[in-house]
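Chains here go by letter, A, B, C, D, E, F and G, matching the order in which they are written, and residues are numbered from 1 within each.
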Amino acid sequence: MSIRPLYDRVVVRRNAEEETTAGGILLPGSAKEKPNQGEIIAVGEGKVLDSGDIRPLAVKVGDTVVFGQYAGSNTIEIDGEELIIMGESEIFAVVD
Amino acid sequence: MSIRPLYDRVVVRRNAEEETTAGGILLPGSAKEKPNQGEIIAVGEGKVLDSGDIRPLAVKVGDTVVFGQYAGSNTIEIDGEELIIMGESEIFAVVD
Amino acid sequence: MSIRPLYDRVVVRRNAEEETTAGGILLPGSAKEKPNQGEIIAVGEGKVLDSGDIRPLAVKVGDTVVFGQYAGSNTIEIDGEELIIMGESEIFAVVD
Amino acid sequence: MSIRPLYDRVVVRRNAEEETTAGGILLPGSAKEKPNQGEIIAVGEGKVLDSGDIRPLAVKVGDTVVFGQYAGSNTIEIDGEELIIMGESEIFAVVD
Amino acid sequence: MSIRPLYDRVVVRRNAEEETTAGGILLPGSAKEKPNQGEIIAVGEGKVLDSGDIRPLAVKVGDTVVFGQYAGSNTIEIDGEELIIMGESEIFAVVD
Amino acid sequence: MSIRPLYDRVVVRRNAEEETTAGGILLPGSAKEKPNQGEIIAVGEGKVLDSGDIRPLAVKVGDTVVFGQYAGSNTIEIDGEELIIMGESEIFAVVD
Amino acid sequence: MSIRPLYDRVVVRRNAEEETTAGGILLPGSAKEKPNQGEIIAVGEGKVLDSGDIRPLAVKVGDTVVFGQYAGSNTIEIDGEELIIMGESEIFAVVD
């Protein structure tokens, strides 16, 4: 199954959670913090301007991105995997 | 009876609810989660721009779409079937 | 008495309430749900654009329309009949 | 004393309250509902557009208008008479 | 000391409070209602439009104006006199 | 140390507090009201318009200004002195 | 690891906290106030205008900036160091 986000929306695969703390202690499920980083899986066509024209997004498939704390609430299951759908405005930065 | 949504609104037939869990257990009514996916049944003419021009929608009849959790609150019964009316902005993505 | 709505407002005559349920049981007054459908009785000149120009409405007198749950709060009595005044943006669709 | 409303504001003389019910019963003061109808006494020059131009109003002195439930809160006493000042957007329709 | 309001702001001298009721009874301080009328003492250069141009105000020094109930909260003391500073949008009308 | 405010922001030195009341009574610290007047110490380049152009501010260094009651909450210490940073829209007027 | 903020966002390294008060008293951790100053580490391409064009930011890498009290809530760890991501509108001024 493939997914095509509308307009300025993107689909993100959240990075795997850290299973151990920096000091090497194995974390139980509830203590694991969900990382706000992930990989762009799909991008929309672009943002609609007031003129009706489309402005392409600044992120592309494969980018590793940092996003806001509340950006991960809309999820979709694709081929058994949970992915996040968010607006590009919820993405803060691309990291390399 | 036919229905013609205004402007940027669309009519969606929500996908049938899953009657069994992934593990094959039959779910009682109240435990069933309404899927946020459905099929586009009708689309409006388009979104009105500041200039007064109309911009056609990005979805079309027959598309399978994912929509927001709160998008399903406005329903209409057409020929005995409950359908959802929502704005295109409540649609996150088209899935194939 | 005639009524001329301003700009993008319309006057709607709400459809008569269903007196019996689908199964044929007569409903007492308080159990009757007000249908969110009605007929357009009068339409305004159109919506004012940022440019000051007027964009005519997409609905016309005689259309049967579906409107939002909270659209019916402004009423006016014309010749002894209660009618609803709403903005066109509160109308979801035209049904035939 | 004369009054000149600014921009898109209008001055309205509220219609006299109905002293008797439809069935002819005389109403005590507190049970009388203030009618949301009135006559336009004065109109502003028009609404300022984004361009800075003025768009004249759609109502004129002498029109009988229906206005929103909360439109009557700003009053002014002119020559001993209480009049209402409201924005044109609070007027729903003109009735004849 | 002189005062020059910025942009669309104006300085207003509130009319003297009525010391007696219509029936001639002298009012104690706390029962006196502050009148929402006053005289324009100074006006700003005008409102900044989206284009960056300035649109001159519709009121001028010397005008007697009616203003909203909550418009009088910003005061300044000039030469021992308390004056009100408000935006022109808080002025409803000019009275003669 | 020098400070350069961004865009439509300005830096203001609040006027010294009055140590005595009009009647000459020395005020204890907690009874002193902070005056909402001050001197402009630095101004930003101007306000960004929708077009992307910059519109220079209406106030300049050295002006004595009156500002809103809630405008003084963002402070910065420059060379041991506490200064206020605010947007030009929080300034009501220039006084001479 | 490098970071590229999107559009009008910037990455800021917060200045080190003062360990002693002005009077030379060593502060315990909880009494230390986080300074709202920092150095710009990375800047986005610019702010998207209504026209779709990009307007470059007014701050550049290396600038020392003052930012709002609530601007520091979005952090990212880069090479073991905690950095802040904020919009340029949260920056009040550049200090030298």
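Everything that follows uses one rule, which is that a residue touches a chain if its C-beta (ideal position, glycine included) is under 8 Å from a C-beta of that chain, and two chains touch if they have at least 3 such contacts.
None of the values given here were measured: they were computed from a predicted structure.
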Two copies, chain C and chain F, superposed on Cα atoms differ by a rotation in degrees, nearest 5, of 155
Examine where the copies chain B and chain C touch and state whether the two sides share over half of their residue numbers (same) or under half (different). different
How many Å are there between the centre of chain E and the centre of chain G, using C-alpha atoms for each centre? 42
As a quick test, compute the distance in whole Å between the mean CA positions of chain A and chain B. 23
Using the touch rule from the top of the page, what residues of chain E touch 2 or more other chains? 50-51
Touch graph across the chains, line, ring, star, complete or other? ring
Can you name the residues of chain A that touch chain B in the complex? 1-7, 9, 11, 42, 45, 48, 50-52, 74, 76, 78, 85
Residues of chain A touching chain G in the complex: 47, 49-51, 53, 55, 58-59, 66, 68-69, 88, 91-96
